[in-house]
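Read through the structure below, which is laid out as structure tokens, and then see the notes.
Chain IDs A, B, C and D follow the sequence of writing; residue 1 opens each chain.
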Amino acid sequence: MAIFYILLLFMIIAAFIAVETKYLLGAVICVGAIGFGASIMFLFLQAPDIAITQIVVEVLALIILIRACISRELTFISGPREFFGVVVSVVIIFVIFLAGIKILETLPDFGTAIFAEVPNAASQTYIKEGLVKTGAANLVASVILDFRAYDTLGEATVLFTAIIGATVILRKKTKKLLEEAE
Amino acid sequence: MKGMTIIVKTISSWVKVLIFLFGIYIVLFGHLTPGGGFSGGVILASCYVLLMLAYGREFAEKNLSLPVASKLDCVGALLFAAIALCGLLYGAAGFFWNFIQWEYLADKETALHLVSAGTIPLSNIAIGLKVGASLFLVVLVLSIFRPDMSVLDTDEKE
Amino acid sequence: MSIPLPVFVAVPLVTAFLLPVFSSLGRKGKAVATVLANMVTVSLLVMAVASIGQSRVYEVGKWSIPLGINLVLDGLSSLLLLAISIVSAAAMLFSARYMEQYTAKAKFLCLFLLMIAGMNGVVLSGDIFNLFVFLEIASLASYALVGFGCEHEELEASFKYMVLGSIGSIFVLFAVALVYGNTGSLNMAYVSKAIQGTGLNPGLAFALCLFVAGFGLKAALVPFHAWLPDAHPSAPAPISAMLSGILIKTLGIYALVRVVFNVFGISVQMGWILVVLGLLSMIAGAFLAIGQGDFKRLLAYSSISQIGYVVLGIGLGGLILARDGNVAWASLAILGGLFHLVNHAVYKSLLFLTSGSVQMSTGTRQLKQMGGLAEKLPFTRATCTIASASIVGIPPFSGFWSKLILVIAAVQAAFYWVAALIVFVSLCTLIMYLKVQRYVFLGELPENLEQIEEQKGSMAIAMVFLALLCMLMGLLLVPALRSNILQPAVDVLTDGISYSANVIKMSMKV
Amino acid sequence: MHYALCFLLFVIGLYCAVTKKNMVKIVIGIIVMEYAVNLFLIMLGYRLGGVAPIIDKGQLESGTGQIAASFINSSVDPLPQALVLTAIVISLGSLALMISICIRTYEKYGTFDITQIRRLKG
């Protein structure tokens, strides 16, 4: 149990450094630290598929982010650090954090999963009959690709849209003069 | 950008085979061991990105050029949509109906074998192909884009 | 004949996956891609008209309700499907000719079809996480399409739109996580059953606020409207017609209404929140729009105020329903709101298409640099006048009837100040569109615009198709048509929570 | 208490995305928010002393092929893991699009600072 606190604190400190540092590359590396902390956290939360995906997606995200800010001369963020704005936002964060504690009390506390209490939750049938109904031993794969396969179709489309969007925005010649059109 | 030092190049030339093999293992055994279409595809993409970083973009382009990668992306997506649609046509049952319904589902001998989960391994392969190709495509497109706009004409054939 | 529901999403998706293959085949490939895309949108229109007014449940993968995902077609979603297919058919037809001035047309058509598939997925889905996934598809496609021209303004507008849109989507995802944490299921019918059972604890109330904030960001209601006045003008004309005409309605208002009325159940406070949001958007949109010099920015601000009408109508209906349960009055107000939603989809997209054709001919969007285009662009002038007449609310056209219903509903429910505000804002809209007519079409022709000529071909057909619809929409109120198009949608909202009972009953039959 | 720390991470991301002036910093804020929501979803499904939801030879009773009772009441919830797998790849997709817009804007404007990119009114 204590490992979760350590990892969460590590991630919060890394997030705070990422937000406040003036050195752009440093901020990107702190985001990498949060990602790796999250992936270790997933391992301890018994989610191996997510840990594998998270680490490798984290590596690719780091490469994409570093691509955006490494080859730029402007690696330092100029401009004064206005003191008043920081204090106000820290106070707002603290208030929202307190409200969050009260709101998140209604959830079942950390160790007890929700699907155990709810009488006919879907997850109970996933675990009991997942192997019989879909034949997949990895229940997460059976949920992704058989019980909720429509989500994964949406998921593949999201990635497809993002790729086509990135290619469209980074294309070379964007406008043609009208007479050249026909 | 001719890639990194000789040490990185030699190591990455050995390691790339292992990464690729590991990615294929994760995709194929997705329904038995942790992993699956997404993790395997991302690992395949990271193998190609390693090549690109170590040897520079031209080398990576020779292996998997931009038009080929976008074609693979579309083929993977179409394969996955085809698996979904033939669930619909196969006895007009359901959109994503698992139509390879062997009787193995009930008995236990063939339960935990490689070919034991109907359409799940097929869609794992389709998703792995698609995620791998499209993530490599993203990193390639981002690295090709030069401010002086010299390259990147994927479709300026008009 | 009952069309299997996933076809509405699968057809545009499969075509979208095919289109990038055409992008490298040169001019012949581009023509084939355009024809294919137009065929898809027209077939979607035919399927939407064929399935108007029906209601059924489709379980994906033949898994019963709590296990798998189910697609729900009821009165409200068939009305939205119809509106989506009308606007996208016209915009696709328009973009066949208009997009000649941009490169990478096959990729544009692919993103356009993905946006349609995302919107169809949002309207049909019966599962909140699935709603989030398809909401993400439609928004990602629209972020890329807003920045399609890669000019200075377009890139900055699409970045601002993307940042606010992503924050909105993350709010929705956090709310879905909270709902799953409190109720244990993701299916809308089972979630609303669990909420009726346990009542609204603080966690679910916070989830409801996050939903309202997330979908409000997508619908550009006033506190969250910062991105709309930049995103819509800088997008290419068919895209800003789609964005303003239908995207903010399906991603924003439909999702908000579905979650508030059918999943959480309307309460007096939520009714007041919707009415206040509607009023704020209505007034702020109108005031900001009057001072605009840019044609499309004026249209974008007027979209914010018209969205305020729709949210006001539906919020008023919800308030009446929650406060004193008078279903007749509430259904009249909701009828006004929904009818205005469909009307606004038609004539706002027509206005953006006309602004696109004016921009393509004259090359500028500034009202001050135009004038006297009446005889140069006869088609555009006729359609723009029809659209302005119906948005302002001149009797024979459709806009008048929906505003009339809203005013009657407000007066009937003793909200006199709301009715007064509605009339006042429609006066401001009148001033706005008189200004547009004066600057663009009347007045003297500047010398540098002597030799411009009208764009014939598919652009004119699309505009005429929408203009005809503007005139005929008034017939929707005829009892015969109303009872099977508008009334089922209103009934879905007025009987709120029993949505879950209907869905489970329908799924039992299948 | 774990949920509250996760929510704090979410709020830090929101703060960074809303108040920072540098484009890459705003993108970093959005990524931190995505991480926080993914973590929150997985923590919802966790069970004390739980087991990963993967059935292998050990959990199958040899004779009947039924799943061992110990696995059923100690397995972690597979549903949030399926949602998070989708959410991770969605966040990577939107990150790629945002970074491509940032790079293109940097090429046009020469800076990442949105105060200097204020061509648009309103």
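Convention: a contact is a pair of C-beta atoms (placed from the backbone, for glycine too) under 8 Å apart; a residue touches a chain by one contact, two chains touch by 3 or more.
Just so it is clear, the model here is predicted, and its values are computed rather than measured.
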### Query
Comparing A-C against C-D, which pair counts more contacting C-beta pairs?
A-C
### Query
Which integer distance in Å separates the CA centroid of chain A from that of chain C?
29
### Distance from the mean Cα position of chain D to that of chain B, given in whole angstrom
22
### Message
Residues touching two or more other chains, restricted to chain B: which are they?
### Response
33-34, 36, 38, 70, 73, 77, 81, 84, 95-96, 98, 111-112, 131, 135, 138, 141-142, 145, 154-156, 158
### Where chain C touches two or more other chains, by residue
6, 13, 17, 20, 60-61, 63, 103-104, 107, 129, 133, 136, 140, 143-144, 147, 150, 155, 158, 180-181, 186
### Query
Which positions in chain D touch two or more other chains at once?
44, 52, 54-56, 79, 83, 85-86, 88-90, 92-94, 96-97, 99-104
#### Entry: Pairwise touch network: line, ring, star, complete, or other
complete
### Query
In the complex formed with chain C, which residues of chain A make contact?
102-108, 114-115, 117-118, 120-123, 125-126, 146-151, 153-155, 157-158, 160-162, 164-169, 171, 173-178, 181-182
### Query
Which of the residues in chain B end up touching chain D in this complex?
33-34, 36, 38, 107-108, 111-112, 131, 135, 138, 141-142, 145, 147
### Summary
In the complex, chain D touches chain B at residues 52, 54-57, 60, 64-65, 85, 88-89, 92, 96, 99-100, 103-104, 107
### Task
Would you pull the chain C residues touching chain A in the complex into a rising list?
6, 13, 16-17, 20, 60-61, 63, 66-69, 100-104, 107-108, 110-111, 114, 117-118, 121, 129-130, 133-134, 136-137, 140-141, 143-144, 147-151, 155, 158, 178, 180-187, 194, 201-204, 206
### Summary
The residues of chain A that touch chain D in their complex are 4-5, 8-9, 11-12, 15-16, 18-19, 24, 27-28, 31, 34-35, 38, 41-42, 45-50, 53-54, 57, 60-61, 64-65, 67-69, 72, 74, 77-79, 85, 89, 92-93, 96-97, 100-101, 104, 107, 110-116, 122-123, 126-128, 130-131, 137-140, 142-144, 148, 151-152, 154-155, 158-159, 161-163, 165-166, 169-170
